[in-house]
Amino acid sequence: MKLNIKPLADRVLLEPAAAETKTASGLIIPDNAKEKPQKGTVVAVGKGTKDEPMTVKIGDTVLYGKYAGTELKLEGNDYLMMRESDILAII
Amino acid sequence: MKLNIKPLADRVLLEPAAAETKTASGLIIPDNAKEKPQKGTVVAVGKGTKDEPMTVKIGDTVLYGKYAGTELKLEGNDYLMMRESDILAII
Amino acid sequence: MKLNIKPLADRVLLEPAAAETKTASGLIIPDNAKEKPQKGTVVAVGKGTKDEPMTVKIGDTVLYGKYAGTELKLEGNDYLMMRESDILAII
Amino acid sequence: MKLNIKPLADRVLLEPAAAETKTASGLIIPDNAKEKPQKGTVVAVGKGTKDEPMTVKIGDTVLYGKYAGTELKLEGNDYLMMRESDILAII
Amino acid sequence: MKLNIKPLADRVLLEPAAAETKTASGLIIPDNAKEKPQKGTVVAVGKGTKDEPMTVKIGDTVLYGKYAGTELKLEGNDYLMMRESDILAII
Amino acid sequence: MKLNIKPLADRVLLEPAAAETKTASGLIIPDNAKEKPQKGTVVAVGKGTKDEPMTVKIGDTVLYGKYAGTELKLEGNDYLMMRESDILAII
Amino acid sequence: MKLNIKPLADRVLLEPAAAETKTASGLIIPDNAKEKPQKGTVVAVGKGTKDEPMTVKIGDTVLYGKYAGTELKLEGNDYLMMRESDILAII
């Protein structure tokens, strides 16, 4: 999904992946036990800075640290805005 | 609205968007439960610095972090003064 | 008013505007309830630094953050000495 | 093992070595007494930064500080993502 | 007064002005109520650094922040050693 | 002793000198009173960084601060890994 | 006195001056009331860094801040190792 939003500088907007609702062994996880997801899809990317051209692009699936970014609600959906330096890897 | 104010360096003056007074489902939100808005309109922009030319311009609608900026009352209205680096995105 | 004082580097000397003694609705504000003013007039300006030439000049009315600067009493009057980077805007 | 993952910038993905389950003198170490391993094998390496070209490469066995890195579970296995500057030595 | 002392780098040695012992209205101030003086005379100046040539010179009267500098007793007198960046202004 | 280990960047691996077990006056020091030694022998040296070429070399006896470095056990012996900037002097 | 020790980078080794054992008025100061001396003689000097060539030299008497440096015992004597930037002045 593409939003009409232009992140500033080296910021990236992510749509977090839905948290798993089953454990590997098939158990249903109650809501308050679901781990906050650390995987997401890039939906908007800033232009970078003089020192930091951007590496990720729209559509990339990325991993990020547990407390990275600022939560934003846009058109009813939850997103995470973070600096590219908070993104760990592209998978 | 344009004010007769010149922010210094990389500072931006914003007029915060009015907080929502109804929830998505139509409930009236009492005053003390209204979330502080994180969306605003740029009303004045500094000249930037040697290292940071400005990206936003007067009239842009922008998103910013919950605790960004300094509150200022000018001619009876509430504004927020912040550095451009505290602005997350233009929408 | 011009004082015989040369602020060093990027420092600025301000004469704070007198605090309002009436509220918008005309109530007299007792002394200990008066808000510390955040508006002042520039009375002396340093030469700037290699990295930061000065923007404000003597006579400018400026806005500054609530806790900016060091209070100084000179010839019986109260002034505020601060770095230009603590000044938010020229009005 | 090679994973389909591209660490960003100067990050390195490590597979921690299994913790020793016997002491030097042959005693079995109960689970909660096992020291967190500080040795691992490099499984993925970022492209480095303008200032920091990468030194380690896939397959290197490295030593790292006790609290270095972020734990990641990928395809059921535990990995550690850290910056190369958190790696102490190649052995 | 000139001392046989060479401050290093961007340091300045000041002789603090004697604290006022009367208030403006003529009251004698008891010793423990005297405000620590914030005015002093420059008695020795370092050579500056590559980045910071010195501005003050021996004999200048300067203002400084309340907690600036390190107290030194030299030949029975009290002095203050501080970096030039802790000096607010020349008066 | 030379170990098969390559410290990264500006890191140095030291073998700490054995703690003194007698005081200057000949008293035996019980184990828990022995001061942690602050002297050691360099056993491995990194390649340095663009900004910091290395000064110490294998075999140098060096002094270091009391809490410098990370303890490492390699092949049954205790070592200390630290940055060269934590080494005080070569003796 | 010259020691066989080479301080690294911008470090300086000082022999602290003996603490005064009499007050100005001739009173004997008991041991635990003696002020830690802040004056010393330079006994060894590092080579400086790319950014900081050294100013002090062996034999200089210097003043330093009360908590500057690391205490070292070498050949039975007490010394202080500090960075040149912790030295206030040459007297």
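So that you can tell them apart, the chains are marked A, B, C, D, E, F and G in the order they are listed, and the count of residues begins at 1 in each.
Everything below uses one rule, namely that a residue touches a chain if its C-beta (ideal position, glycine included) is under 8 Å from a C-beta of that chain, and two chains touch if they have at least 3 such contacts.
Fair warning: this is a prediction, and the values are worked out from it, not measured in the lab.
Visitor: What is the graph distance from subunit A to subunit F, where chains are linked when they touch?
Guide: Steps on the shortest route: 2.
Visitor: Please report how many Å separate the Cα centroid of subunit A from that of subunit G, as a whole number.
Guide: The answer is 54 Å.
Visitor: Could you grab the centroid distance between subunit D and subunit F? Build each centroid from C-alpha atoms only and quote it in angstrom.
Guide: The separation of the two C-alpha centroids amounts to 24 Å.
Visitor: When the centre of a chain is set as the mean of its C-alpha atoms, what distance in Å lies between subunit E and subunit F?
Guide: Distance between chain centres: 44 Å.
Visitor: Can you list the residues of subunit D that touch 2 or more other chains?
Guide: Not one residue in subunit D touches at least two other chains.
Visitor: A student should be able to answer this: under the defined touch rule, what is the ring order from subunit C, with subunit E coming next?
Guide: Start: subunit C; next: subunit E; complete ring order: C, E, G, F, D, A, B.
Visitor: Tell me, which parts of subunit F touch subunit D in their complex?
Guide: For this pair, the touching residues of subunit F are 4-9, 11, 13, 44, 46, 50, 70, 72, 74, 76, 81.
Visitor: Can you check the complex and tell me which residues of subunit B touch subunit A?
Guide: 24, 38, 51, 55-56, 63, 65-66, 84-85, 87-91
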